[in-house]
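Letters are used for the chains, namely A, B, C, D, E, F and G, taken in the order the chains are written, and counting of residues starts over at 1 for each.
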Amino acid sequence: MTLDSPILRSATRLLLPLTLMFSVFLLVRGHNEPGGGFVGGLVAAAAFALVLLVQGRDAARDLLRVDPLSLVAAGLFTALCSGLPPLLAGGAFMTGAWLKTPLPVVGKLGTPVLFDVGVYLVVLGIVMAILFALAEEER
Amino acid sequence: MLTSILLLFAASSLAPLAHRALGKRAGVCLAAVPALLFAHFVGQLGSVTAGRASAESWDWVAGLGIRLAFHLDGLSLLFALLVTGIGALVLVYGAGYLEGDPRLPRFSAAMLFFMAAMLGLVLADDAIALFVFWELTSVSSYLLIGFDHEQEKARKSALQALFVTGAGGLAMLAGLLLLGEAAGTLQLSALGAEAARIQGHSLHLPALLLILLGAFTKSAQFPFHFWLPGAMAAPSPVSAYLHSATMVKAGIYLLARLNPALGGTDAWHYLVILAGATTLVTGAVLAYGQTDLKRLLAFTTVSALGTLTLLVGISTEHSARAAMAFLLVHALYKAALFLGVGAIDHEAGTRDVRELGGLARAMPLTAFAVCASALSMAGLPPLFGYVAKEFFHEAKQEVPRAAAWVSTASFFGSALVAAAAGLVAWRPFFGRRRSQLSAHEAPPALWLGPVLLALLGVALGLFPGSLAVPLIQPAASAMRGEPTVVELAPWLGLSPALVQSLLMLAAGAVLYAVHDRALAALAPLRGLAKLGPDRGYQALMAGLVALARAQTRALQNGVLGVYLLVTIGSAVALAGYALFSRVALAAPAGGGVRLGEAAVALAMVVGAIAVIRARTTLIGVAALGVVGYGVAVIFLLFGGPDLALTQFAIETLSVLLFVLVLRRLPPMRQLSPPSEHLRDGFVAVAGGLFVTALVLAATATPHATPLRDWFAANSLAAANGRNVVNVILVDFRAFDTLGEITVLAVAALGVAALLRLRPEDRKESL
Amino acid sequence: MTGALVAALLLLGAAFMLLAALGLIRLPDLYLRMSATSKAATLGASLILAGAGLHFGTAAVAGRAVVVIVFLFLTAPVAAHAIGRAGYRRGSPLWEGTIADEMREAEARRRDPERRNDA
Amino acid sequence: MTRALPVLPVLVPLATAIACLALHAFPRARRAASVGGAVLLLLAAAALLRHVDAAEFAVLQVGAWPAPFGISLVADRFAAILVLLTGVTGLAVAVYSLGSIDGVREAHGYHTLFHVLLAGVCMAFLTGDLFNLYVAFEVMLMASFVLLALGGERAQLEGAVKYVTLNLLSSGFFLVAVGTLYGVAGTLNMADLARTLESGVAPGLSTTLACLLLVAFGIKAAVFPLFFWLPASYHTPPVAVSAVFAGLLTKVGVYALVRAFTLIFRAEPEFTDALILGIAVFTMVTGVLGAAAQFEFRRVLSFHIVSQIGYMVLGLGLATPLALAGTVFYLMHHIVVKTNLFLVAGLVKWLGGTLALESLGGIYKRRPALALLFLVPAFSLAGIPPLSGFWGKLVLVKAGLDAGQYLVTAIALAVSLLTLYSMTKLWNEAFWKEPPAPGPREDQPLPWTLLGPVVALAAITVAVGLAAGPVFDLASRAGAQLSDPARYVEAVLGPGAAR
Amino acid sequence: MKLEALALALGWMALTGDGSPAAAVFGLGLGLALLRLSKPLGGEGFARVRLHRLPGFALFFAREIVVSNLKVAAAVLAPAGRLRPAIVAVPLRLDRDAEIALLADLITLTPGTLSLDVSSDRRTLYVHAMSTQSPDELRREIRDGFERRILEVFR
Amino acid sequence: MTAAVGAALALALIGAGVLLAFVRLVRGPDLANRVVAVDLLSALGIGVAGAGSVLAGDPVYLDVALVLALVAFLGTVAFARYAERGGDE
Amino acid sequence: MTALLAVVIGILYGAGLYLVMRRSIVKLVLGLGLLTHAANLLIFTMGRVSRDGAPIVPPGAAELTAPYSDPVPQALVLTAIVISFGVQAFLLVLVKLAHRATGTDDLDALRSTDQ
């Protein structure tokens, strides 16, 4: 059972992209202003959670498209890999490697930023995995 | 020497294979290994008699000064010969005794394993190496006593033997370590030279006591003798070998081995002699009271072990000579007796003297072996037992200050043993034949050993000078740590000792004659016997289990609240004590509180109280949320926007979690009685006070900020980020974060798995 | 000048919020209370955010303030709808002065089609 | 590649875990990845120990940020030894799991959880940063929580509630202590903390926090009176899980205690050592008595973990180099032996269908070789020479006697006798006596996945016993390092830092 | 869709406070991506939007809000006895999700009214009013007020 | 300066509102009423963030407001769903 | 303010400890939640609370200049918060399943695995 109603459905439709955009905003600027992968991931998860609450698990699953645990694996993989290049080059694990010039909008890119992206994915994935499992169980 | 030990170990591990491959011949083939070694050791006689001890040694645990060292002197050699010689016979015997029994391979393996350990024990020249082999004999004896493991009695006896000797062994280990400390070396053959140093050392007495404990338990000295009769649950060849000829002598061996280092002191004399004499008498009395031949023999063994201990305790030239002679002869006759009794049991189906009789005709060879050995036990000339007894009579005169007492005691002991010997020798074979009509002579495997041993006893008695002296003299020398001359003649002439022997035999004869009546007369006293140390052991074990149960009921009672109370209480008590006893709490520096801040603080406190007082889960969750939001606001107010953002987001998602789970959760209930509330409340308040004090004390210390300052300086310059907290998380301390997201991943995996994997879907896992 | 305007916006907003809170206490049933909070609180918060956006005067801050306001306007009525519906379905009582409840009649018909046939 | 050595034991299992997670649709590949990852971990650990034994320390500053600002991974001999044993245990249990964990559990992340557990354990051993140690504990704990509860049987859940609650409490104490230490000393790097506290910063608070950490780590190590969670839970999950828990988890607690009290908190040794010694004695005694009251295979073993932890802590309390060597040796021995005993318990269950002692029996009669395979670890645990446990006990007893702690030593010896009692009880009940009813698999051959690890671990136990010399030398070099914290500090912070 | 993407791009620029073309492009790209992502959600958007009528609509709405808040203030501060609340069933001419939602939201945000629920056949909106003369009066107000205006802008 | 004073006063007013909302939260009497109180609290929180940002001179508080607006809404919806499904109070 | 926070933390601890010792399984969960909040606040306080603003390098500056609040405890707390979230989710599910499997919320009744 869901909270389905035209009102909530429409609200969800509006809020989902907006919230996700906000989560990307938090992720992108986290290195320089409050934000980052954690809170970004949490906010993104909140967006999907709203869908879950209003339209049910299946709708949220379709929306997310991938299995949340795959998202977790991908995030962990990203985070782990962001530390590897220097290791393979004989340096210390997780030594930051940066592009020389900052890009517009997203700013300077480097392996720590990639790491933050990994964090974002993991956080999003785990919240969704937990919520999906709970919602499934609830039926 | 290591080679010979390894050879036996190898034979042990190959025994099952050998039995499978060779069938019936396996017993003899396996016996060839100790037999060969016996021959090898016989070959060593010459050089050892000439005073040339051979030695080999490797580093084992160099860091502790422990060496895998072996040393072959007279004492070791005597034992080595007994171990390998009797060992070979017993293996042959065992193959016959257990013919057709599927457990035979196991028997052979265990016996060979034991043999290896025993050989190692007597050859070892390092205290720890000796201990290693010592314990291995205990372990293998455990498996052998419990050979009939389907029977509860066998299992219990095996455990009892292991427990008693194991306890002694541990004491001995400590004693050996202390001895090593006092002597500065663990090398046994070097201890004698350090006698003065050892005996003057403050650790001398504790070391002595602990070592004696080990020796006494192993050699079944009073009051630890009770495990030995129990060990008769083992098959006869095991009893013959372990519990008469070899293992129980390990304690005697140790005492003899340490005599040069520890012997001669008053403490040594009193303790060892007292133990020996008491055991001698106790064993004899108890032996006389038996009707089961095997138990009877077991108690005579106890008595003999007492005799040996007594002799070692006397620690003179005569006593050394007597000890070694007695050791040798006892091994021969007692092994033969056990094996013979085994044969009787095997053929007649009983070992009760009251049910046996007239078997001599059916089992002539067995009868010969048993009678010859029993007479040797009784000390009748011209058997070697008589020679040993003569030596004993001489030696006991030298008991310091208590010669008369000891003489008297040993006289009665010997008389009782002689009577027992009579029971063993006469009752089964002569007189009226009882029910065992079908009994006939045992197969060769069963009579070969006893007969050979008996013959050896006779031969030694007849030609002691040429046969026994080469064995006894080097052994006595080694035991005394100085060259000792032993002269032996078959007939020592009319000496006071001879008179004593005759008197003792006469007394024995009388006792034998009145045996049945004495037993009947003493029957009412049997209950008394149950009050012995065996009873003490039983009570100890029962007490142990009762204590264990009581402790478990008290500690591991399954009540989580109590676990938490104890855990929290421990933390608060310990850390609280440390804090309040060491840190003076000063009033914190000012800084002022703004109204808004105070309001937030108040809200949090109210929230916390509301959580406690909440009567429904939802109110509890909401109140907890209030506290969480309060924390977030505090973060926000004091410069932690990242924290605040995250905390707000997490709080909300937590609410979501609770809401999804909650409907299935029970309402909050008051379950504990008021007394528990009070108790827990006390601990909780103490915990809260401690934390407050801790925060105050910690924040009152000067604020060291090397990390903070370095991060502030390097965040942008070196790590390209202006948000220092985030840079710490993804760069400076990214390794933490890696771990953290791993935790999250696992948590999610766990939630999903737990909810989806229902027990009913699950196939059985191991 | 800006300062005064900011202060005014903040105070006005805060006043509306307080009003909402007062309504939450004073009004007699769930639905009336929600009528108060869903409007006054949203407006109050928006005014305050507008004040804050004005105060900093940068595009970044102002933009963010606007986003928050938009967000509030999007979410507040939805939340009110969700609670109101839930409250009604759980039977949160109407104030006795309520003059009509056309939803109950409809609900009753929906839940009990038999009766509708009779009617 | 040498430079990467200290981090490989964390990365390899972590990568394996991710691979197992990603391979959720390919069960066979997942199993292969699990064992392959375990092999790699063992190799990495062996390489690390080889390197560290020669070079004394291997230090990696993660992210190339200098200590104490970044996170340091530090392998001294003690840590490297434990990592190697983690590799050994990991491989043994990974193989054993193939034959003992059901497909449904596997499909729900068993292999992933298992390797995360190993990663957490290695991380705990290798980190040189106190907060990172907290994180490592959490990684390990979270994985253990799930492994414990996975399957959802009632007993598992009941055990898990206690396990989780008490371990969370421990984490809480740990976190508070770390936070407060930062507030007092301004640093989190263990070497830097050692140096700072050595210089006399807030001595009273330092002792307070030492006590708090003693409790936190004591809970993980399961010492008296903080061990309740262990006997309540260790017998509930599948055997492979019990085995890896029994082998490794409490040892991480012991490791943390050793690290904390040899490196960081040396302000009041007379107080803390006496305290630890007292804890050790009570731990030994209560553990072994607890076992005496049990009549279920794994419950007996679980209580013995507690008891044996007492031995390890005893070495720490005695605090001499020899005693610390004893602790190291004992840890090495115990990890192998305890893991193996639990694995043997699995074999017993496989044969008998249960682990309740009253329903078992007859294994010695029907499978004597297997029975003897039990005796190796069992006797080793009881300290029967020349198996590994004997040497561990010997070193500790000798250290106790050298230190003049006669009563403590006597108790330690008595406890080993009671351990023997318990082991023979298991032997009596499960192997010697006639079973009340025949087990389910009387005539089937044991799968090699189950037997292989048991044989291998038993072989290690025997080998360590016979070749105790080199092993003790290694332990004693590790003990010497532990007794000389200044070297550790300089290895992490640079020459001259210890002053 | 394009309009929504544009709105999201504006939102991005507002969030970042960055009016540069790069930000606009990025915002647009992100917006399109997010809308694509949200597509499976389904639901009915507006049939069309008459942009030129939007400002008038917004003004009307703002006025209503101010008025409604003053009314609420009066209601809160006045004694409760003066209230005449009712739950009224309002028949709907609107039938798209977005339209119904918008109407409901507007009702909630304005004059003493609150949308409680939509009937399952989506033909009736249940509205709670703080103070109304009669249910019919309320129905008429809504039909001629917001509903008419929504039809003007979005049809 | 004026702005700061205004902010402080605003905070005081909102604080009073928070107290009142708490009263409703505690008094209930039913779940829905409590949820309304929580919902109002989050709105008040946004107000606090807004006024706080002026008082502290830190626009970061507006980010907090944004997160609050977003997630608090989610919490309310969650409670509503809980309530509709007959959850215990 | 530090003193006030110390008191608040102490109260949170006291309340949390008291709750976890209750027999009700739900109170246990709530108590652990309180303890988590308290621990986070405590660590945060160890950075010496100050109203000096967030540790963010202002645009244009090369490095952070005092005064600012200590970022290290903040990073630690952030890590701890997120870990607690995972733990809490797991704990909730565990408790739910334990409740379902045992049919009771009384922790005293969960004693079949001991003794």
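Going forward, a residue touches a chain if its C-beta (ideal position, glycine included) is under 8 Å from a C-beta of that chain, and two chains touch if they have at least 3 such contacts.
From a predicted model like this one, the values you see are computed outputs, not experimental measurements.
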Give the chains in contact with both subunit B and subunit D, ordered by label.
A, G
Tell me, please, which chain's centre (mean of its C-alpha atoms) is farthest from the centre of subunit E?
B
Closest chain to the overall C-alpha centroid, by per-chain C-alpha centroid: which is it?
D
Determine which of the two chain pairs, C-F or A-B, is joined by the larger number of C-beta pairs in contact.
C-F
Geometric centre distance via CA averages, subunit E-subunit A, whole Å
30
Expressed in whole Å, how far the mean CA point of subunit D lies from that of subunit E is 62
Where the centres are mean C-alpha positions, what is the separation of subunit A from subunit G, in Å?
24
For subunit D, which residues are shared contacts with two or more other chains?
14, 21, 62-63, 131, 135, 138, 142, 145-146, 149, 152-154, 161-162, 165, 169, 176, 180, 183, 188, 228, 231-232
Multi-chain contact sites of subunit G, meaning residues that touch two or more partners:
20, 25, 28, 42, 45-48, 51, 53-54, 56, 72, 78-79, 82-83, 86-87, 89-90, 93-95, 97, 101, 107, 110-114
Among the residues of subunit A, which are close enough to touch at least two other chains?
3, 5, 7-8, 11, 15, 18, 22, 26, 32-35, 38-39, 43, 46, 49, 53, 69, 72-73, 76, 80, 93-94, 96, 123, 126, 130, 133-134
What pairs of chains are touching here?
A-B, A-C, A-D, A-E, A-F, A-G, B-D, B-F, B-G, C-E, C-F, D-G, F-G
Complex interface listing, subunit A residues touching subunit F
1-3, 8, 15, 19, 22, 26, 33-35, 39, 43, 46, 49-50, 53-54
Under the touch definition given earlier, write down the residues of subunit B that touch subunit F in their complex.
595-596, 599, 603, 606, 610, 616-619, 622, 625, 629, 633, 636-637, 641, 644-645, 648-649, 651-653, 655-656, 659-660, 662-663, 667
Which of the residues in subunit F come into contact with subunit B in the complex?
11-12, 15, 18, 22, 25-26, 31, 34, 38, 41, 45, 48-49, 52, 58, 60-61, 63-64, 67-68, 71-72, 74-75, 78-79, 81-82, 85-89
Mind pulling up the subunit C residues that touch subunit F in the complex?
2-4, 6-8, 10-11, 13-15, 17-18, 20-22, 24-25, 30, 33-34, 37, 41-42, 44-45, 48-49, 51-53, 55-56, 58, 60-61, 64-65, 67-68, 71-72, 75-76, 78-80, 82-87, 89-90, 92
Within their complex, subunit A touches subunit G through residues 32-34, 38, 123, 126, 130, 133-134
